[in-house]
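Next come two complexes, and both contain chain A; in the first it sits with chain B, in the second with chain C.
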Partner chain A sequence: MATIFSLVIINKSGGLIFQKDFTETARVDTNEAMTQASIWHSLHAISAQLSPAHGDTGIEMLEADTFNLHCFLAPTGTKFVLTCAPRTAGMEVLLQTIYELYSDYVLKNPFYEMEMPIRCAAFDQHLLNEIRSRS
Partner chain B sequence: MVMKSPLKGPGSSSNVSLIDRPLNRPRTEVNLSAFAFLFSELVQYSQQRVTSVTELEHRLEEVGYRVGTRVLELLCYREKGNRRETRLLGILNFVHTTVWKTLFGKPAESLERGADNEDEYMISDRELLVNRYISVPKDFGELNCGSFVSGIVKGILDSAGFPSQVSTHYVAVEGQSRPRTTILMKFTPEVMAREQRLGNS
Partner chain C sequence: MKPSRGTGTMNFAPVEKINSELFTLTYGSMVRQLLVDNEDNVEAVNTQLEKMGYNIGVRLIDEFLAKTSTTRCSDFRETAEVVAKVGLKMFLGVQATVANWNADGTECSLILEDNPIVDFVELPEQYQSLSYSSMLCGVFRGALEMVNMKVESWFVQDTLKGDEVNEIRLRLLEVVQDEYPFKDDE
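The block that comes next holds the complex of A and B.
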């Protein structure tokens, strides 16, 4: 059974624009989350430079003892970071689906300003439905 | 330098520009995402030029009005063989089924008569296509971007000879997080009087 802990969306300048925790254990304070997001943003950029192979775009997955972290980099520079339980399958597909939901319910919303925190009820609703159907 | 006609899409097989194509060509479908972005920009454009929520709804209605007048002409030619609706129920059914099917791909959910007043009718839709990707923030109150569709309905009714006042409302529905959108049409006394006369003859 897949357990998804949290989703974080980082805009192209490294600022946190969306954060959602799906379990009690993963609850993180907003300020802390913003710091973590900018740290991840820098790590991601550095890893792309460090890689010996040309054309690499940065960390896609991080495996730890108690969690896995998947990161999807959109062509526009927006990063979707998903933390889940170890050995969970299908996270890349889920990230793609979340990217589609983002491009539908956030980008097509006339009241959303680019690179600003996401406050779209439709996006929250559909995201919750998607996560619930996976776990 | 070759000047390409901007009205000729990349997918067009013939060398005819868009405005010269015959009208009764089977209708082509437009990508929903393309329309969603265009509509989003329309709302943002209007938002920059108004100072209140009601004004924004009014603006969207005005734009819809212009679409409505043209939609009536086109659909009368294409779908109904140039027959004109003279009865109230006729034009309401036309709007409720044909117009909705052409614009949104399926007929509207319901057409009701107002309980309190004889001259009020309502068309409801569980989720208007234009509103699908829009989440209105709290500080905009009761703004409904479906007023664009209300404008379309008003344009059709006015051009067909049934002047009315049209407004958009949210109606909360049990068991559903998003409220239903209802378009309320209040016809002028002249229309009701004419209906009475025609009904008796």
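The block that comes next holds the complex of A and C.
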């Protein structure tokens, strides 16, 4: 049983556009989340520069004692960051699915402005269903 | 490791489809409406169509990348192949061939035998200079810009104007490097 703590989506300029906590314990207030997102964005970029291998694109996974963090960077610059319990499998696949949900329910929503905070009910619903089916 | 994008046909299968005639007729009525709104100013309509295509392209690219799990192309040649074989197949149901490369590999043509958008369409006398399918050019421009490639795209041959095939010229202007976030002076 996977335990997924939260999902954060960061636009290509480092701004927080989506944040959702799936458990009580992970609640973070929005302003703090925005700061965390920009710090993560910068760290991600720095890690790509630091890497000795040419063509690396930045941190994909971070393992800590109490959680794992998975980051998926779309070729268009949008980052999907998922935190989950340690030793949870299948997170890369989940991130890929979330990317598909984003392309279907956020980008195809004509009222959604690019790079702006996501307020799409269809996306929220499908995301919740997907997370529930995994945990 | 070769990225497994699958052929366009494989990706075409699970994507939700609509009736192609519905699509063609909707596009046609939209062009008609644009002509009315712009009082038959063909140049303005051409620009508008390309711009609409651009706006579609910037969003379409994420869907394309998500559904085909494509990874970065190594060069413009690969990009053109992917656009022609996988992209067009996935969204329009037809494939194009890539040809007429220039010397440095920065310009090529996409040859489309069959353009589903122009089924049933005839261009009357007064609209001969209308680039009917320029929305497609805009889509290429928008989509590629989101993956850091600035391109220019235009129709060289158009079956609506009496040519044998449709030929779209694609020119790579520049590859934009990602900007790093720590140069702000704020």
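Definition applied: the second predicted complex is superposed on the first by the 135 of 135 C-alpha atoms of A that agree within 3 Å, B and C clash if a C-alpha of one lies under 4 Å from a C-alpha of the other, contacts with A are read in each partner's own complex, and residues count from 1 in each chain.
One rule holds in what follows: contacts are C-beta pairs under 8 Å (C-beta built on N, C-alpha and C of every residue); 3 or more make two chains touch, one makes a residue touch a chain.
Please read these numbers as outputs of a predicted model, since none were measured by experiment.
When the two complexes are overlaid, the chain among chain B and chain C that reaches more residues of chain A is C.
Contacts of A:Gly14 after superposition on the shared chain: chain C is touched, whereas chain B is not.
Looking at the shared chain after the overlay, A:Pro86 reaches neither chain B nor chain C. Contacts of A:Thr78 after superposition: chain C is touched, whereas chain B is not reached.
Contacts of A:Asp104 after superposition on the shared chain: both chain B and chain C are touched. In the superposition on chain A, contact is made by A:Phe123 with chain B only, not with chain C.
In the superposition on chain A, A:Met114 makes contact with chain C only, not with chain B. Once the two complexes are overlaid on chain A, the chain A residues touched by chain B in the first and by chain C in the second are 104, 107-108. Against chain C, the residues of chain A that register as touching in their complex are 13-14, 38, 41-42, 45-46, 49, 74-78, 96, 99-100, 102-104, 107-108, 114. The touching residues of chain B, counted against chain A in their complex, run 33, 36-37, 39-44, 47, 133-137, 140, 145, 177-178. For chain A in complex with chain B, the residues that touch the partner chain are 104-105, 107-111, 119-123, 125.
Residues of chain C touching chain A in their complex: 58-59, 61-63, 65-67, 69-72, 146-147, 178, 180-182.
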